[in-house]
Structure formats: structure tokens, C-alpha cells
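Got a structure here, written out as C-alpha cells. Questions coming.
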Amino acid sequence: MAATPNAGGQAWLEPPPRGVIERAVAEAIAEDLGGVGDLTTNATIPAAARATAEFRTRTPGVVAGLTVAAAAFRALDPDVRFEARVADGDACAAAATVAIVDGSARAILTAERVALNFMGRMSGIATLTYAYVAAVAGTRATIVDTRKTTPGLRAFEKYAVRCGGGHNHRFGLHDAVLIKDNHIVAAGGIEAAIRCARAHAGHMVKIEVEVDTLAQLEAALSHPIDAVLLDNMSPAELQAAVAMVAGRVLTEASGGVNLGTVRAIAETGVDLISVGALTHSAPVLDLGLDFTT
Amino acid sequence: MAATPNAGGQAWLEPPPRGVIERAVAEAIAEDLGGVGDLTTNATIPAAARATAEFRTRTPGVVAGLTVAAAAFRALDPDVRFEARVADGDACAAAATVAIVDGSARAILTAERVALNFMGRMSGIATLTYAYVAAVAGTRATIVDTRKTTPGLRAFEKYAVRCGGGHNHRFGLHDAVLIKDNHIVAAGGIEAAIRCARAHAGHMVKIEVEVDTLAQLEAALSHPIDAVLLDNMSPAELQAAVAMVAGRVLTEASGGVNLGTVRAIAETGVDLISVGALTHSAPVLDLGLDFTT
Amino acid sequence: MAATPNAGGQAWLEPPPRGVIERAVAEAIAEDLGGVGDLTTNATIPAAARATAEFRTRTPGVVAGLTVAAAAFRALDPDVRFEARVADGDACAAAATVAIVDGSARAILTAERVALNFMGRMSGIATLTYAYVAAVAGTRATIVDTRKTTPGLRAFEKYAVRCGGGHNHRFGLHDAVLIKDNHIVAAGGIEAAIRCARAHAGHMVKIEVEVDTLAQLEAALSHPIDAVLLDNMSPAELQAAVAMVAGRVLTEASGGVNLGTVRAIAETGVDLISVGALTHSAPVLDLGLDFTT
Amino acid sequence: MAATPNAGGQAWLEPPPRGVIERAVAEAIAEDLGGVGDLTTNATIPAAARATAEFRTRTPGVVAGLTVAAAAFRALDPDVRFEARVADGDACAAAATVAIVDGSARAILTAERVALNFMGRMSGIATLTYAYVAAVAGTRATIVDTRKTTPGLRAFEKYAVRCGGGHNHRFGLHDAVLIKDNHIVAAGGIEAAIRCARAHAGHMVKIEVEVDTLAQLEAALSHPIDAVLLDNMSPAELQAAVAMVAGRVLTEASGGVNLGTVRAIAETGVDLISVGALTHSAPVLDLGLDFTT
Amino acid sequence: MAATPNAGGQAWLEPPPRGVIERAVAEAIAEDLGGVGDLTTNATIPAAARATAEFRTRTPGVVAGLTVAAAAFRALDPDVRFEARVADGDACAAAATVAIVDGSARAILTAERVALNFMGRMSGIATLTYAYVAAVAGTRATIVDTRKTTPGLRAFEKYAVRCGGGHNHRFGLHDAVLIKDNHIVAAGGIEAAIRCARAHAGHMVKIEVEVDTLAQLEAALSHPIDAVLLDNMSPAELQAAVAMVAGRVLTEASGGVNLGTVRAIAETGVDLISVGALTHSAPVLDLGLDFTT
Amino acid sequence: MAATPNAGGQAWLEPPPRGVIERAVAEAIAEDLGGVGDLTTNATIPAAARATAEFRTRTPGVVAGLTVAAAAFRALDPDVRFEARVADGDACAAAATVAIVDGSARAILTAERVALNFMGRMSGIATLTYAYVAAVAGTRATIVDTRKTTPGLRAFEKYAVRCGGGHNHRFGLHDAVLIKDNHIVAAGGIEAAIRCARAHAGHMVKIEVEVDTLAQLEAALSHPIDAVLLDNMSPAELQAAVAMVAGRVLTEASGGVNLGTVRAIAETGVDLISVGALTHSAPVLDLGLDFTT
């Protein structure tokens, strides 16, 4: 396990597409400014004033969202200078300087909260993910996210999971098949459900089946699938399931996962552990913006 | 303190405007479905199938977001029947049925996660808010939120705070003045900052000033302001501040507030306690959708 | 009363946020160009031609909207040079040059009408506002606007009012409470209405009550409110009202205000006079674009 | 000249397309409500309360915008009943009931201002247009509008002109050619300009040429054009121009047109008189909403 | 091979999500109507007139897009009745009635072209796809589409391919990995490229590698991939490639595919044949709307 | 007939407005990238890598859409260099270099397909248009397009027709009148229909009438119209129609037009020949992007 999730450079860590970031930032700024703008700043800060400020961590954590923070300032002052001192995915100590921003004082003060709201939330997710990743270090298990994300921000949150060293499960309902109980019942059994999915989904779409018991698992394994979601199984059941699968498909443990249980789950030999809390319950990372001039 | 935040009916609890809800729901659905839709459901559930399902709490909590959940289903099936069994702001036990949804099986399965993501997050905020509200019961203190909200979802999160029995601070930078250190420095002192704000903000705009010390508080109180934010003061300092203010303006305590400290802070006699964690770090309330047919 | 509304520099005059301007300008350009563009200009002006043109007042007035005009040209030619010769809020004589624009001849000719439509309307509002402001010079009255604005352009029109020396009333229904007859009746009386509003609106929200008579005023004053709107009162009634209020809350006169009556109203001692005509009936300021090369 | 602009039924009066109306109404409501909604109404009016109210004219005028007003209420209460008592284009006396609205009290109070802002502005334009139309009654002249419209509302304002009995000039730069001085200079003369336009614009596009003098008119008439804009000519010049044209192309008078001069201009025999003031300087028609229950 | 692509009912044929359809239809209508609407229809058809019309094929083909056509009419007349007589995916003879529409005559005439433009294009794609599917009947080959789609309409075109009996390749760059030459060169070889992709893409993402030669194929097969794209190979090479793969991964033939060559390609035993022409060069199916009343 | 449609420079060839291009490109990129981006490129190409690539024709044709392609790359890398080697409207041989793009390797690879999809489709239309234009060279006939365009892309496709040497018919239902059978029936005859249209459409709007027979043509010609659409007439009928019209209005032939029939139609002396296939059935021009470094 590397010292930080970003160890090795992770040049592959690519934030959401530029247009996605700009639209989300524009929406957040519109929400905060309305048609009027920042009443306080406009009344007290001269239009021509300039400022320099530093983003600093208040507590240790893994940083994510630097590109998004930069976009927030640029939306108000296209000529702002935003200089990252660390990279997304870097683990930082408390009081670390993560970026320096320099430009119109009004723009910096007005965009501050939007920048912090994005970066705090994203870094919170990265930090929590990293804790799970660290907890399973040395096992074969990969920590993955779920679709339990904040409406409208899934791309940002799934990127934050990657910044924390986790991997992404399917992005949405449109890019992979996950067959659950209701689908099986409606299709008339597991065989019919898998057959329907295989017949109608494209050939580049993977199919995963959720099972609750070893009996269901056995039934699923007799069909051409790519992964099984082992739902709410005990470590002992998971271990048996992994043995039954014997490497034929990917195994994903889900349900009852927290920092206290994740290691034991990982040690059952599952390939993947999905954790809804990464995105639905991560506390923000405490970051602040300190004006240096 | 009422048994639940919704006691007395709270007929005034009005969710965000219809258009705001519909746009946010449409965006969340687009995020989950892309251009393709729900691969799994479309392959396994017949188009004409119908279903009935119940939203149930998995853990106790205060519910918020029923209107938003209903909008999610209606976006996919305009004829769906969504019947709320409780009202936003109601405190529910675990395993309580909060709503029943009945309509196209494809629509219900496909919209399920969007509905749960909104309602889980909003109910999580309402539940945490309620815990703070309960903790200060019997004091004069009101629990209020901050601008530390999820980008794009502020209207939903501030509504959830109201569902939990809290009150809303300003919505954004555009509807109230909050003068902080940087504004004071740039304006050339507290007097100049307040004078500028008073001169240029509209007459319906309130002005609050952030102070760190009793000396600053004294300076602020000699000007026409509406509220003071007492930042990171100890209970003893807060008590002295409340005494100095003597009811002339509203007093708001901020900083270092958690469920362990909030009661002591409230007992200092402050009018308001603002809690960023209500919106930036509330875990979701665990809700599920159980199919009954 | 200063010689022009902009006397003293008004460094605080901040136009609507950049994103708000860009969206409104993009919409106006789309409306004028459709998918095709400027048929005449594209057929007759070579793509490489450059031009310089001057914005000039045809009649005297107070200018507003220079930033918006600049954005219109930049939307078609990002490299255009737009050089303002006066500032928003400056009172100009007839035939004054207010700005010079230099760039692609096609872009300038094509964006001309959008730029003039915004600036003419905004300057018309600023000019009319300034006339009201001048008419009450020497009294304590402030001229304020209303919500009777052009749908979609409120931010621009309220900014134009500020450019003319007026102040802004609440921006919309969401940032202040204004209790009118229907609210009082529905709530079951003035006391109940004020109590409801105080209980449910945030602590940073001001409350104003509309009254038609001195009796209603007396009733309103016994509750914790911030301002009273004295609706359609005669100057004599207004004077009595001001005396009754005795400085406890802000007093706003409304109804029957025009340039012939506003001085007498101001001399009653009211704090504020709201004038719907500022935004709903201001004629445009006649501005033109003269090509110099 | 009919007693009202709508005499004869004008079944052809079709408001802007449904989607255009819904988008503009949604934007206006968003502007007024933000993410929060109507603070006053939500605090004082019970959610279940119902109301009936009447739109009434306060002064005489021609009504326009009933469909838009209806859309405003429906945006907040899809089940609202909006019953028009007159039709767009009808001339009404003062205190006439133009429509009755019946539905959720909250929805009606909250949408009231948006509905009135649209209808007041549109009816103001229709009323002013009708005054011009009436002033030229008996002549061959048609009153037409210009592109001097409110940014974003051109479709609504051009419709209002039709409601007042006027006709529409080109909608924008994309649907007709109007060759002005700058185009002629850049193209290298009037012949070249017309030739370029004829060569490159589609065959369904009409071409109008602006001329300032009879000499320019003569030059223009030797080319295949559809109309001439006679700019800022005196009635005597206009008469001579009409004689010179001798019915070969449409003649449009423009510049210096007001209610005092329009009749004399019309009597010169021009086909069209374009009036910028119809849309850039029409005062609103005073309309109000009176609650009857 | 079934008589029509829809044989068996294809209850799984689900058009793009409702919101996707409504947005695309709204955009198409806005494009055709601008702010003004249908000048001809509004001038000649009474507002109250009603009409009934039938969609008919002019030439034989496979129909696709009935839901989209219905949405076009509903966008102008929410109460229109649209009754499909066939289902998407049905092969129709010439002069077949595919749907009947009944409602406002203005709405039907105005929406006609938008409905036909969508349905003609989609049916053209379905018809061409069906020709390819029929040409390979009896082989193991599946006909699949590409990303060579019309900008903005991919969801509609990929659905049309499914209506014609084809299958969908990846939707975009975001839902599957397809490693081409440039990726291999930049990554430093095929092994590195596959390793990077496997390490960084989620576990539900499939990986395909494009190869031009059997040597490249052999290199690719030694890594954990899901499919190979055999680019521009002759039937003989394809046959050799299929033999080399021996069922370990999916084989896709691409390049040089047309109706004259596709059968020979299919007979090499490849699993998939991707055809860009399905979406980039399909002629429309000739459909018309005939008014019956 | 010039050697290429662009002969003579066609400085008047102006693509759709900048905002129209940017919105369409943004939508196409969003469609291809979703919230995630290019999985393959992000995993295999280092973020800092740079590349140079050439757009080349694979087959001969007329190029259209260079500005749009440039916008696609700039949307991902604002600093990309896009250097056109030919101009829109130029006829190119196979293997011609039409543009060079140089910038971020990730941006170029990721935007490649969007750029090609736009340019291939637009060039396909230009190429097909040019074939029709060439086929009628020496006659008086102009080739024009129809409203049978791809939903959402009309502006791009009509521009492509101009690039190919064709002319544009009306853009949509809003900018010209075209009276067809159904309008005539509903209006109560051809005279009534033309009178209604003339009375209610603006004076800058042209009116065309569709006729099927010489008798209908004769009826139409007795009214003030601008053009006649001669629908599905044989060359002999067209010749008779042209003779009957005798230059009084424009004559447009429509129906049964293909490359085999167009010359004979043109030789009848009609002014215009409208060809739906230009936009509804043009195959793409095969273009590719070859990386040179």
C-alpha cells in the first residue's frame, strides 16, 4: 500500500470533462449570487482591489477538486491565477497549503464558498475512500463506490472516489446491467433474466447478478455473467462464495460494510467491496481560505 | 419542545418551488439514465408490468423530501400514484412506511435510486437538525444553517433544515450582508464597512457583523446593525457577549458547535447557533423501497 | 444632491454577475440571429473587414449598461476592444460619446441592436430614476424600485435603478417579507400574520407590512416589524403616519407617485418612496452607434 | 377603422408557441421565487386554502397576454382554472374584468406579479399600437414595429403589436435583408450591396433598402428590391418618394414618428410606418388582480 | 431469421428516456417555429379547427420513432390523440398506415415536419439495419452500430438500430474502452495500454482492442481483454483471426462493410460486424402524413 | 460553372452564429463523454502529451464545417491550434489535407469523433449539393434545400447546402409562407388562403403557393404571391407552367428530383429546384484524422 493514494503519480486521474465542471460551477455560483451578486463584498471591497489567498487544510486528508475550485474563481475573474501546490489524490497533513489564488479581491471573496463547498465535499469523499483503501491494504479487494451519490454531482463524487484510491462501479443505469431480485421475479427466474439481459444489452455491457444465498449464487454461475454481487453475506458466507466462484467471475461484497468490518470482508478473498457511505455519508474535509494580502 | 419537529402541523413547511424540484429531478434522472435508460429493467421487466412499493425507514429519523420523491416517479410515469403516509418533518420510527408508490413497474424501478438519493440526503439533514434542536430544547436558542451546502442543492438542503425544526440563515450572498474580517480590512475599518453596507444595500437587507472578541463586538454595536456573529467564542465569552449586547441585536454563535457542545452554547443565552455540519456532514437517513406486488 | 448620480465615484456600483450578463446577452443574440445570422451583413460586409464605432447619446441622460453592451460585442468577436468613456451612473449631455468599440465589422454591425436594446432600456431607467432622485433632493426620502420589472431582466433593471441614484427594494418574493391584505385575512388578522412570518422566515429576513389607514398602522406597530408600506395615502396622512411611527420602523410611501407628486410626498418625512414606473414605464434613452471608420 | 383592434374576431391572432411561453414564464417565476419561494405567502396562507380573483383593468386599453398569464398560474398550480372574459386584442374600458382565476390561494398570490408583469407590458404595447393604428385610420398606411424590443421578449412584444392592430416588420437579422448605409459603403455601392444580397440570401427573403434622400431612392429603385425604408424624411419628401416609387415596391416611413406626426406621415401615401416606441417606450397598462374570495 | 425484426414482440424495445425525447422534440420545434410560429397555418387555419391524419409509408421499411412523433404533436396540443397502428421495429409494406393522429388542425399541421423528420430518419436507420441483419441471417454474426452518429441524436439513432434488429456497440467514450493504435503508441505498447486500462477503468467496463494484423491479435490475446476489433481484414484474415481467438474473446469485424460484402464477412465466423453506414449514411424512409378529415 | 463551388472566394459564406456552434458542439461532446470522459484516452495517454494530426479526405468532395471542427477541439483544449488548409466550400481531391490540429493529445483524441461527425455530415451534404449544382450548370435553375433536415441541426445543414453551391429555401415555418392543399381547404379556397396570409403575415414575408396542376397555377397567379411550388409535375408540365408564369413570380420545381432527372427539370426553365435528399439522405463524406506526431 502506497503512503498516499496518489503515489506513483496517477497521471491517469482525469477530472470530469471541462464542460461538466463549468456547468456545475456556473450553477453553484448562480445559486449563491442570484441576480444581485455578493452584497457585502460589492459594498465594502473596491472594484480594483486585488488579493492573494491560500487554500489550507484544517485537518489531514486526501485532496480532490482542485480543478473545480480553479474553475469557480475563473468564472468570476477569467484572469485569476490559481496555482495548485498539491495534486488531486495527494494526502495532506493539517495546515498544508494546497493552492494559492491571486486576482480580483471581489472575485476571490465571492467565489470562496463555492470553491470550498466543492473541494470540501470532494476531499471528504477522497479521504473516507482512502481510509477504506488503507484498511484493506494487502488483500486482493478493491474498494468501489455505488449509485448512492448526490443528485447532480455523480461525476464529481465518482472522481473523488478515484482520487482516494477507490475504483468506480457502473456510472448509472445505462452503462452496465445489475440484475436484482425484482428483475428476476419479473423476468420469470434467474435464467430468463440473464438471457434477456444478454440478448438485449450491447456486447460491451457487463452483467452482474445480485445474490443473497449460496444457492442463488450457484444458479447464477451456470449462466454467462461477468460478476456477482454478494449481498449482506457474513464473512463466512463470503468465503464460501469466493470458493464456489473459483475465479470464474468477479465477486463483489456489499452491505454491512464499515471501517470496522471491511478488513474482515476483504480477507474473505472477494474482488470488490462496494461502500455506499463513500458518497452518501462522507463528512467534508475541513479546508479554509486564508488571505495573505 | 414538541415530540416531533412537525408537531402542530407546520402547514407552513413549503418545499422549493415546483420548477426547482422538476429541474433538479430531471437532471438527476438524466445523470442516471443517460440517453439509453435502465438497461437491466428494460431487458427484464415487461413494458406493461405494474408494481406497488413502499418507502420504509430502515432506522429512525425525520423525513424530508416526499414531494421530490414523488416528482422523480412522475418524471418517468406521469400517471403514477404516490401516496405519502407521513408528512415532511415527521419523526418516524424504524421500519415505518412513509409512502406508497403504485404504477409502471419499469418507472418505479428506474426512478427508485433518484428518489432515494434525494429523500435519504434530505431526511439525513432533517434528522441531524432535529438532534440539534432537541439538544437545545428549553433554551432561547434557534438552530440555523449556513452556506456550506451541496452545490446545486441549497434550496433542498435549507428546506430539509426547516423540516428538522431548524431555521434558515441567509440563502446566499445576495439576500443579506455578513461583514467579515476581510471586508472590514478592505473597507478601512468596521465603521466604514458598516456605513458602506448600509448605504448601498437595500433597506430590506439585514446586516450582520462577524466578531472574534468582545472589543470588536463593542465596536460593532455602536453602529446600526441587525445581528452579530460571535465566532469561535467560549461559552464564557458568549455569555459576556450576550450581556454586552443586551438584546439590542440578534446574537449568533458559530464555530466549534457539535452535539456535545451545543447545549452549553445555547445556555449562554445566544439567539442563534449556526451549524455547518447540518448540511455538509449529515449522514443519509437509511430508507428503502420494498416491492409489495 | 450631487451634480450626477455617479458623483463620488460609486465604486460600489457592481453590475449583475458575469454569468447572468452572459446568459442574457446570449439569449438576446440568439433571438436576433436565429440559426442563420445577419443575412444583410454577411452578404455585404467582407469577413475580414474591421470597423470602429462610437456609442453616442442622442438626448441627455444617465448611462447604464456599459458592461452589458461590451458583452454583446464580445459574444460575436472575443477580441473586440470596447472602451468605455464614461461610467455607469454618469449623467451625459446629448451627443456625448459614451464608448468606443473596435473590431470585426461584421460583429459590430450584427451586435449593434442587442447592445443598444440593453443599454437604451437600462439608461432609460437610470435617467428616470435620477429625475425622481433629483426631485426629492434635500429631503430624507430615498427612491426605491418595485417588483414591477420586465420578466427575465429584473437584475438588469434593479442595477439600472442603482445607476440612477435609487435604491433597491427586495429583489423578489424570496428575500423579504411584505405582508399585504390578503395575507392578513388568510392568516386571521395582522397579529397572526406577523407572528407566522416572524416564526417561519429566517432571522436575516426583514418584515414589512402594508397598511392603508392610520388605524392599521397603529395595529402593525405593536408587533416586531421592520418597515411599513403606507399605501395610497395623501401627504397629510403620510405626515401623520410618520409622526405615529416616530422612527421605530422604516416608512415607505407607495401609490400615486409621479414626478409631479413625489416632492410633496418626500416632504412628509417618509424614509422611502417606491416608484413602479421606474421599471415598468421608463422610455428608453436614445443612444446610437456611429461608425467612424 | 373597427371599434376595437380585435373586431372581426381575429381568429388568426396566435400567441408565441407554447414552448416559448412556458420557458419565459418559468424564467420569470424563477427570478421572483429563487430557490425559496414566496416567504410571505408560505408563512401566512395555509397550503390548502383556495381563492378566486379577477384580473381587472384600472385604465382603458387593449388587452394582450392572456395565454401568458394563464401559463404563469398553471406553472405553480397545474389544476388552476383560468377563464378569460375577453380575448387578446379586445379594447377594454377601465375596471373591466378580463379574466377570472380560481385555484390554490398560494399559487395565485405567488404568481400574481409575474402574470401582471407580462400582461401589463404586453397590453401596454397593444394599447399604444392601437393608438397609432387609430391615428392613421382611413389612410393606406400600416403601423409596423421594429427590432427595438426588450431583450429576450421579442416574440411577446411583436405579438402584442399584432394584438393592437399593428403588423410585424422582420423578426430579426435572420429573416429579411435591410441594407443600410454601412452595408452600402462596405459593399462598394448600392448596386453591389443589392447584388450581393440578392445572390446570397435565399429566394424567400425580401430585401429592403434604407435611403435618406430622393437621389438614393432613385438609385435603389433601379435594382430588384422589395421595399424601401425612407429614413427621417419630411412629409413633403415622403410624398415625393411615394410618387417616385409609384407602387413598384413597398414604402416604409421611419424616424420622427409620434402620435402627433403619424397622421401627416400616413397621408403622404406610404405603405408602412415603423414605430420603435411601440416596443421600446410603451408604458404598461395598469391591470390589477382583485381577490373575490 | 424472423420475417420482421420485431417478430416475437420485442417488448424490450424501449425508446430513449421520456426526458431525452421531450428535450429533443422541444429543440426541433423551436428550430422550426422560432418565436413566431407557423405563419401559414396561423393565417389560414382557424384556431378551433380539428383534423385527423394518417402516417403512411410511401415505400416499404422498418418503422422506428413512433413515440417521438407522438411527442412532437403533444408538444403543441397536449390533448392530441396519437394512435400507433404498428410498433417500432415492425416491417411495413408501402402505403401502410403506421399511426393516426387526431386533434387541433393547427397543431397537427405545424408539428408534421418535426414528426416526419424524426420518424423518417429513425425508420431509415432501422430499415438499413434490417437489410444488414437479413443479409447475415443464419450466421452467428450480430450487426452492431458505431459512434458515427448524428451529433445530438445518438440515443435516437442507436435505438433505431435496435428497432432494425441490430445491437448497440458502446454508447460513447465513457462506457467502454476501445484501445486503438494511438493509445498503444502513447502508452508504450499493447501490454502497457491494456494494463493501464484494466487498472483505471471500473470493473464493469469492458475492454476491446483494435488490431490490424494477426500478429497484433496474438499480442492482444495474451492480455485480459473482452473483445478484439479486427480492422479492415479480408475474409481470409478474419477467418484466421476467428480461429486464433478460438472463442476466448468476442470478435468484431470492421471496415469495408457494405451490403455486398457483409455476408462473406459474417461467414468467417466473427461474432460482430460493425457498420458505420447504419447511422452515418442511411437514407430516410419516405413517410407522409395524409389528412383524412 | 466554376471549377469548385467556392470559386470566386465566397467571402459571404458565413457559418452559423458562434453561439449556435458552441452549443451544438457542447451537446455533442456531452453525449460522447457523459460525466466520465474518454475512458481509454485518460487511461493510456499521459495528461501532458501533445500531438499533431491532419484531417484528410478519404474520397473527393466539397468540405464544410471547418469552424465546427475547430470548435470541437477548442471545447476540450482552449489553446489548441487548428489550421485550416482549405476553406468551407472548396472541392477537394481524395487524400487532401483539409486542416491540421495541434495541441493536447488527450483533447485531440477525445474530440476527434465529434469533429468528424459534424464535418463528415456537413461535407456530405455540400458534396451532394455540388453534384446537383453541377448537373444543372448552364441552366437558369438554382438548387435549393427543404425543411427535411436533421432535428436540431438545421442551421448546420443549410449552411452546408450553401457550401455546396446551393441556396436556402425558408429556414422554418416562421420566416416565410408556403400555402399547401390543407391550408387552401381550411381557408375556403385559394383566394381566401392568399388573402389571409397577405393580411396577417408581415410585409417582409414572402408567400409561395404549392400547386399540382396548371389549373391551380392559373388560379394562384391571379393573386399577389411571390413564388409557386410546382409539385410533382413532369418536365412537360413544368415547361408549360414556366410559360404560363412568364416571369411574374419565381417558379420552384419539387418532387421526383434526383441526379438522373434534375437536368431535364432544370431545362424546363424553372427558377428553383428543391431537393429534400440534400439534407435527408446525403451519405457522409469520408474524412479521417491522421496523427503525424
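A, B, C, D, E and F label the chains in the order they appear, each numbered from 1.
Going forward, contacts are C-beta pairs under 8 Å (C-beta built on N, C-alpha and C of every residue); 3 or more make two chains touch, one makes a residue touch a chain.
Fair warning: this is a prediction, and the values are worked out from it, not measured in the lab.
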Listing by label each chain that touches chain B and chain F gives A, C, D, E
Which chain pair shares more contacting C-beta pairs: C-E, or C-F?
-> C-F
Over half of the contact pairs shared by residue number: find the pair among B-F, D-F or B-E that meets that against A-E.
-> D-F
Same vs different contact residues, chain A with chain F, by half of numbers used = different
Whole-Å distance, chain B centre to chain C centre, using C-alpha means?
-> 32
Length of the line joining the C-alpha centres of chain A and chain C, rounded to whole Å = 44
Expressed in whole Å, how far the mean CA point of chain A lies from that of chain B is 23
Two or more partner chains touched - positions in chain C | 12, 31, 33-37, 42-43, 46, 154-155, 171, 174-176, 196, 199-200, 205
Contact footprint of chain C on chain D as seen in their complex | 24-25, 27-28, 31-46, 49, 51, 105, 109-110, 113-114, 116-118, 120-121, 124, 147-155, 172-180, 182-184, 186-187, 192-193, 196-197, 199-201, 205, 277, 280-281, 283-284, 291
So, in the complex, the side of chain B touching chain C is made of residues 12, 142, 144, 162, 167-171, 174-176, 196, 199-200, 202-206, 208, 226-227, 250, 252, 271-272
Considering the complex alone, what residue numbers of chain C touch chain F?
-> 26, 29-30, 33-37, 42-43, 46-48, 75-76, 106
Of all residues in chain A, those that touch chain D in their complex = 31, 34-35
Of chain D, residues touching chain E in the complex | 11-12, 14, 16-20, 154-155, 158, 168, 171
